[in-house]
Each structure stands twice: as C-alpha cells, then as structure tokens.
C-alpha cells in the first residue's frame, strides 16, 4: 500500500461522520459549561440531575462495549453498579473514606466476580446468555438484600462523599466535573479499544463468531476480557452513584435497571461509541419531563407516565434500528484521509 | 510427513452414521478432492476436520500433530484454514477488514487494546496482498454485505490465504457461481495448486477432474474409492453409486 | 374551647390577608406514587390534600402549593427528586416519604440543608436514635412501635409459644425484634424469614401448622400480606392458630382480602372506629370524598397536615424563623385523629398503641375494630440513643 | 422433620411447578417456533388474573372467571401477535427484549389506570375453600385442584402436540420453521395460533393463582423471571423440557425454602444461619440454573438435536 490510508474501512456505525462528530462535540461542550449555565439560571438542581445522567451514561458506555461491539446481550449489568455502590458504602460505614480505596475495592472485587460470571455465561449464547446474566444479577441482588449488617433491603447511608486527594467531591460542581471527566475518559478508552486489533476481533465475534474462530482467534478470551472490562466501567459508575446519592441500596441492582441500561444503549445507537451518552440524556430527560407534560394536559394521569414510556420503548425497538445518534447521516465516503469516529 | 491424516473418523447423528470410518490423507503439495452426492456427509467431514463438529471416534493429524481433541481456533493456529460452503463473513466489515482479521489471527500479539488496527502497516500490506491474489484490489473499502456472491466466495479464499495456511480445506468454492465467476476461481485454484496442500470438496466434476491429484468418493459417509482422477472416472463402483446418477 | 377556635380562625384570617400578596408557601411531598406500592403513598397524599382543600388551599392560614414527587421506590430517584425540591423549587418543608429505605436515602440530605422533614409513614430506627435531627418530625410512629404493641398484647394474653414470620429484609427483622422486646412470659419458638420476592408461603405454613403454636406473629406489608392471609385461610389454619400482625391487614389490603381476613389481629396506633371527634370528622370526610374507608396511611398523612397547619399558624407563615417554627412543630398543638399526641425528645410521637381485629363494621364492610390498648404513652426504644442537637 | 411435613412440602413444590409449567409451555413454544423472546408473557399472566377477578366480581362464579381469563388473555395474545409483534419475529433477540420490556411497563400502567393501584379481590370457589385430610395431615383443597388442573392441561398439551396434525406442525416448526413453511403451511397462521394458545395458558395460570397470591399491577414480573429460568433449564423450545424443568424448579425452590434454614442452622451459628439461609434459598434456583448451563449449555432437554452440534 502507498502512504495514504484507506478512507472508510470501518463499518458505518463507527466511521468518521461529520454530523455525528459535530453533534458529539456540541453535546460535550454543553456538558462542559452546564454548571455555569445552571448557576446563571440559579438552578443548581440541574447540576445534580446532569450528574445522574452522566453516571447512567457511564454505565451504558460499559454495557455498550459488549452489547454494541461484542453482541453480548447482558440483562444483568446493573449488578456491577450495585457492586460499585457497596464498595463505597461498606468501607465508609467503617470509616474508610478514601476514594482511591473505594475504587480499588470496586475494581478488585469486580474483576474476579465478573471473570467467574462471564466464564460461565459465555458458555451459552443468544437467549440463554440473556437469561443467565439476569440470573446472576438476581443472585447478587438477593445477596445484597441479605446483608443484614449493612442495611439489607433498606440500603446503607454514606456519611460523606469519598475523599480523593485534593478534589473536594462534597462540592456538587466538582463531583459533576469528576463524573464528566470519567465519562470522557471511558469514551476515549472505548473508542481506542474498538479501533484496536482487540476491537477488530471483538466486533468480529458479534458479526460472525464462527468465522472468527475458524480463522484461529480464541474468541472466548476476547469476549471474557471485554465482559470484565465492561463490568469494571459499570462498577466505577456505581462508585460515582453512591457518591452522588450518598446511599447504596440493593435497588441499584434491580433487573429493571439492567433493562434501562439496554434501552439507553439502543436509544443512543447500538455500536456507536457516543450513543450511550445521547441515549442517557434522552431517556432520563423523558423520565423527568413526561410527568410534567402529562400534568399539564391530563393531571389525573400524572402518575401513569410509565404507560407512555413503555410505548416509547416499544416503538424505539420496533422502528429506530440504529438509534438516535446512530441515525445521524453517515459521512460521505473518501473525504477523510484517516478513519476516525466521534 | 503428510499434511493431513485421518484415521477411522466417525460421526453419528442420532442413529445415523454421517461419517463412517473415514481414513484419508493429503500429502504435501497435493490437491485431494472429495466428491459425493448430496447428503453424502462432505460438509460434516470438513466440520470434523476443522473442529467445529466433535468426532465420536477416530483421529485427525495435521502436519503430524494429533488435533483430535483440539478446539477449532487452535487447529487454525497450526495452519489449518478453511472456506465454507455457505459464506461465513463479517458482513458489516469492509473486505479489507475481513482479510485483516485473518492476517491478525496469525499475529503473535493480537491481544492489543491500544493502537489503531489500521496503523499496522505490515498487517495491512499482507491483507492487501491477499486481496490482490484473488483479484479484489479494487474492493478494499466495499462493505462485504454489498458484494456479489462470487466476490464473497473469492473473499473467503483470500481470508484463508491470509492466515498463511499449511493446509487448505475448501468446501465447495464453486457453489452457486456463474460460469464466468467459476472460471476465475478455477484458475485461482490452479495457481494455488502445488503451493499448499489442499482438500477440496466440490460438486463440479469438470473442475475436480481438471484440478485434483487424487479424488475420493464419499457415499453415505463412507469413502468407497480413492484414486487418480482417470481411474476414478473408470471405477465401476463409483459409476454405479455416483456418476451413474449424475449422468 | 369555642373561644379558642374563634380566636384561631381570626388569627388565620389576619395572617391570610397579611400574606395574600406573597407567593404561596411551597411544600414538597415525596412518596410512592407509581408501581405496586402506590396505594400507600397515594393515601398519604390524598389525606394531605384533603386538609388543604378543606382549608381553601391553605395551611395555617397561608396559601400553600404542594409539589408532589414520585420516588418510584428507587433510592436514586428519590435522591434526585429531593435535589429538585431543595435546589430547584427551594422548598422549606418536605412531607410524606413512604418506605424506610427511601427515608434512609434522603433524610440526611434534607435535614443537613436545614429543611423541615415531616415523615408521614416510615420511621426507621436509626432516625429515632443516633441519627435523630431537630429538623425531622415523625407524624406516624417509630417502626418498632407497631410490633411492640403486639408483643405486649401477646404477653397480656399469656401466650407461651409464638412463631414469628416476616420477609427477610431489614424491616422484617426490626419488627420481629420489636415484638420480642415487649413479649414477656413466653418464648418465640421459631423465627421464619422468607425471601423478599417469595409469593407463596405454603412451605412455611405447613411447618407452622406442624408446630401448633399458641399464636403466630407476622409482618407482611402490601401485596405480600394479601398473599399470606389468603394462603393462611385456605390452609384452614385460621380456625386453629391466632394471627397477630403488623402492617399486614390494613386499609390498603382489606378490600382485596374481605372475609378471608376476618378475625386476624393487627397492632397499630389508630383505627377508623376511634370515637374521638377529630377522627369522626376525618373518617366521614374521607369516605365522602374517596368512597372508601381510610387506611392508617391516610390517617398519618392527615395528622401530618394538621401538624403543619398548627405550626404554620403559630409562626404566622414565617417559616424562615427556624427556631420558632421548630418550637411550633414540637408543641404539636392540634387535634390528632389518634387522640393523645405529643412528641418525645427524639421528635417521634409518644402515643398510645392499640390492637385491632378484622370484623364487619356497621355497614357490613370488612374493617378494623379496636380490641385493646396494651401500651399507653409509649416511648420508642431508641429515644435514649438520641442526642438532640439544639437548633 | 416428619414425613407428613416433607410430603406436604413436596405437594407445594408440585403445585408451584404446575403453575410454572402453564406459563413456561407458551413461552417456550413461542420461542421455539418464532425464535421470539417475550418478556411480556408475565403481563398476560397478570391480565388473566385481572380478567378472572373482574368476571368473579360480577358473577361470583369461578368457572366464568376461568373462561374470562383464558378467553381474555388468549384474545389479547392474538391481538398482540397480529398487530404489534409480527414485525419483531424476524428481528434479533435484543430488539425483542427491548420491545417487550416496554410492553411490561405499558401493561402495568394500563392495569393501574383501569383497576387502580391496590390489590383486587378474588377467592377460591366455595367448594374448594377448605382442606382435605390425607392420612393425618391436611392440605388445602384448592391447591390440589391446581395440581390436578395443571396436570390435566399438561396431558392435553401432550395429546395436542403428539397426536394431532396441528401438533405435528408445531413440533416441526420448533425444529425447523423454514421446513414447515416449505410444506406449504401458512406459518403466520401457525404463529398466531401458538401465540394465542400460550397467552391463554398464561391467563389460566393467572386466574388459578389469583386466589393464592395478591392480584396487583406488576404481579407478572417475579413469576416471569422464574418462568424464564424454567425454559432455559428445560431447553428452549422443548415442551417436555418445560414440564420437567417446571416441576424441578417448583420442588427445588419450595424444598430449599422449607429446609435450607434448618440445614444451615445445623451447620453454623443461629444468627448467621438465619441471615444466610433465606438468602441462599432465594438464590438457589439461580445457582441451580447456572450449574445446569455450565454443564449443559443447551438445557436439560434440548428441543432440537441439530442445535447441539
């Protein structure tokens, strides 16, 4: 080959695409200045709302890594969020407030646990994989419920946010930026990983696992590594969630939350790197505004907003095959000299 | 040392003997063809050799190594490459990415999370070469799902070659091809002959008799004859069991 | 008495005029308003709004705006809606909160901000003890109260051999512990904890039947209670074993249970048949408006509303004077539907606790009937652990 | 521990298993033939219970309640198949999971709007309200009726699937849907029939469970998850697998709950055992499933021999 690199070797979903890149850049820029806008409007509430959105986005980025790129439909990823939250709450209840220890504990427990769960679950595929991941999540959920010394079903209050060197996480804006940076880091890492030789094989296991195996790729190793990595991202999201809410509860691992994470990934655009952020913004904004919207029109049915949410999810699955972000126009081929993706 | 030796290979599905004590060899540089009527068990046999179907009895040796209990990907790493009767490609990938995937299967350190896969110039060069061999240099960027059937078959072969194989298993590479496409593949196979040991399963008699050094006839999972093309053509049993039907 | 009422009304009128120009006082309501546990939160909310409606959109003579938020029984959502109430709506008072786990998730955040939290249901033990706060008042009970009254009743009855059953989670264990605390003279021979997701109690009931206890103590809230009672009755055990319960047969589950629950005992602070005037008025108004017997959750919501009404009136709507408002709340100067009402040092009620049985009322409906008052002026078990900070 | 107690626990397990089978049969057939993952199957169970309760409230007849539940749920199933889900059959499992997850939220809210958030009332028929005395221990007669009815339905399904032409097509469809289409059978019609049949069975399970569980919005989810466990353990698409797996899950779950705490107490300190016993009991089914899948990824009774290749 000559010095020039091919222009669009990558599949459409992760190609460089001007409309998508522009959208992603605008969203990131808005997120970066959001606390200033909020303080100008004197509604600091939006900062904590946006923090929650970003934490969901982070968990969804983790899930997207195996769901969007590896084709592994895990209906149990909320269990790693649960794990991360307790990795903060339990040490904190013993007076250990160091965020470094919290993260180390979350990762240190998550890796062996996810390795074990993943190794068993990956013996299956398709629907059985969906169900076995659900089953593992249910196990962990009931495990947390039975943690009698740590609040059981009532959950565990965290006295104060983790201490993280010079960072003062008790300040909501600081916490927000810490979460934002984590999200951007996760986006960058997953982008790099997807384009890497590892990512090429991972995406091949989604597209045609039989072929990848016949070529000589030990796909189990790739899938398991991706599964563990995605679990770790969710566990970090759990650490942040416990810091935001100052609380850990078995409810963080409920199977409906795992379902919501899938909704976020698909809503954003399966297999796009930035999709989960868009999906999280849309879903949580919808959950936030639907009751208000109904209240304005049919106040008697305000508490029934989930009816509309259910229909919305149904139609997203039926009609929006590539998700909101994934549906943005793909690039014109051959315009760029180096393949990139937003 | 033979490239491939099978000894009394058996596969049963329920009560049916799909592969009935098959013993065959592929010698270095040899093109050994397997023919047989539909349902003779050709694809099952290929599956057993590649490791996708577990054999019930018997053994398989590739380049002297007993691979009978080896999983598919390890057999591939020994140098066993295959194509499929029904194309098995990463449909969302570009043609070049498919071949790159094959090249990387042989790379010692493919388990890398950093670096752009397309920045590996050596690998990209190998992939481009493999595509050039099958005459697809102009289709680097084409999404595989959009390629014509014949091009997809060619791509299968390019991927097999890109793994730097020591033994090729080709499962009906001419299936479903137009005459023009067939001719291109046949000339490609001719150019490969002698450079790789090849086990070719094929329906197209003309092609088989033109290409093969030896031909085995598989009927109901059993090899009823193995010989040179000329002798097979004259074998009475083969004619009765197989060619008679075809004629 | 009459004079006082007139005087209060006049004061209300005056303050109402005085504050007519300013925007209404914002009160946040947080509760379970969707999902399977919605009936509880809905009752708390309905009763609160009924009081406000009766007062012409005011509490304590001040126009109020209630901002209702659904916590969806998810702690992170609860946390979020509380953030919204505190930071966006800037409320000074939050009431409601249905479940203990939601209460535990949000209480600190609210009271740390010096916002008054008037709980109208959940009263988890840490909040009555070590984590008590001057900004938190409970208009309901400390969780264990409802179990302690049953334990006392069992002692009074002289039961020797009792089995306890509850779901395997914190509240379940708290209630069984509360029961054991006040159950003297007999023993709890077995404690059976069923998984929280378990819908079928046949296995446990068979065990209970084989052990032939004097009585069975159970805590199965909401839908679990419906399951339990139906299955208990079908197993034919209601003829042989006395059931004493907490939060199992109440206004929220009786409509689905009807005759199946007849004869079961329940311990709590209030029943619809209380003869006091405030209660008669409440029950009549509630039945008229919603066409059903009010549950205890409605009674709690109603009392919380009356408490707020009295305190806001006392400070003439000046909530900003936290000290004065705190004192006004602490005084609890209102006619509770439960009769006696006063706050203890930890700002949980010091109150009488009653036993009820399920029986048909005058109109032939299945309802709760008062049978005993085992505890008088009862102080919860955690009050001593509370070191109340001065405001 | 008496034998009588063990026996009555076994009956309890059987009763749970039979109910699970009614749900699993429809779910596994739908999966086998249409390769469709229907998370909303639990909603059909809930709808059955509500239709039954509504009929019961108006007529006081349990027979009519059963007819209303079976007919109503079957009709909803038919409508769902015709108007909502057809397009999803050809999609991958992910879209199906998502769409039917949305339907769960939709149906739960719909029920809440129509019937309100509280539990609704339905009781066992008077004739079955009591208990039966068997050799010294009593057992609720209604639960006996459930076991009997469930086994009767299982037998009926067996006859339908093994002995009739429709059953032959269903079996063939579960093994190879394309082949059935090639035979000239209208596969759409077969899909609708199977889906409605599954929905009707779920409705039947709902109304039969009505008198023993709380009929309330969201009642379908816990049972849905158990049902999914059943069809995975049994082997997807296999009716026979669903039957045995349902009974195994019912009995393992019940016996686990009954005896696990006692076993744990004999092994460790009482307070630890009291905490760990129920937790382990609630995890037992999932552990069991994980072990089964680790050993036999296709389940205990795979429907399709080819799939095990």
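We just call them A, B, C and D in the order they show up, numbering each chain from 1.
Assume contacts are C-beta pairs under 8 Å (C-beta built on N, C-alpha and C of every residue); 3 or more make two chains touch, one makes a residue touch a chain.
It should be emphasised that the depicted structure is a prediction, and the values quoted were computed from it without experimental measurement.
Asks: Moving step by step between touching chains, how few steps can get you from chain A to chain D?
Replies: Minimum step count, chain A to chain D: 1.
Asks: Specify the chain most distant from chain B by Cα centroid.
Replies: Most remote chain from chain B, centroid-wise, comes out as C.
Asks: From the mean C-alpha coordinate of chain B to that of chain D, what's the distance rounded to whole Å?
Replies: 47
Asks: What is the distance in Å between the mean C-alpha positions of chain A and chain B?
Replies: 42
Asks: With centres defined as the mean C-alpha position, give me the chain B-chain C separation in Å.
Replies: 75
Asks: Calculate how many whole Å lie between the centre of chain C and the centre of chain D, each centre taken as the average of the chain's C-alpha atoms.
Replies: Inter-chain centre distance comes to 37 Å.
Asks: Give me the residues of chain B that touch two or more other chains.
Replies: Counting only residues that touch two or more other chains, chain B contributes none.
Asks: Could you list which residues of chain D touch at least two other chains?
Replies: Answer for chain D, listing residues that touch two or more other chains: 108-109, 112, 278-279, 282.
Asks: Two-or-more-chain contact residues of chain A, please, as numbers and ranges.
Replies: Counting only residues that touch two or more other chains, chain A contributes 142, 145-146, 148, 304, 306.
Asks: Hey, which residues of chain C end up touching chain D in the complex?
Replies: 34-36, 38-39, 42, 168, 191-200, 202-204, 206-207, 209-210, 222-227, 230-231, 234-236, 252-253, 255-260
Asks: Could you please specify the touching residues of chain D with respect to chain C in the complex?
Replies: Result: residues 2, 4-5, 8-9, 12-13, 15-16, 108-109, 112, 116-121, 123-124, 129-131, 137-138, 140, 142-143, 211-219, 222-223, 254-255, 257-258, 261, 274, 277-279, 281-282 of chain D touch chain C.
Asks: Considering only the defined contacts, which chain A positions touch chain B in the complex?
Replies: 1, 5-13, 192-193, 195-201, 203-204, 207-208, 210-219, 221-222, 225, 333-334, 339
Asks: Please give the residue numbers of chain B that touch chain A in the complex, ascending.
Replies: For this pair, the touching residues of chain B are 50, 52, 72-74, 76-77, 81-82, 84, 88-94, 96-97, 100-102, 104-107, 110-118, 120-121, 124-125, 128, 140-141, 143, 159, 163.
Asks: Looking at the complex, which residues from chain A come into contact with chain D?
Replies: 67, 73, 75, 120-121, 123-124, 126-128, 130-132, 134-136, 138-139, 142-143, 145-146, 148, 255, 259, 262-263, 266, 270, 301, 304, 306-307, 309-318, 321
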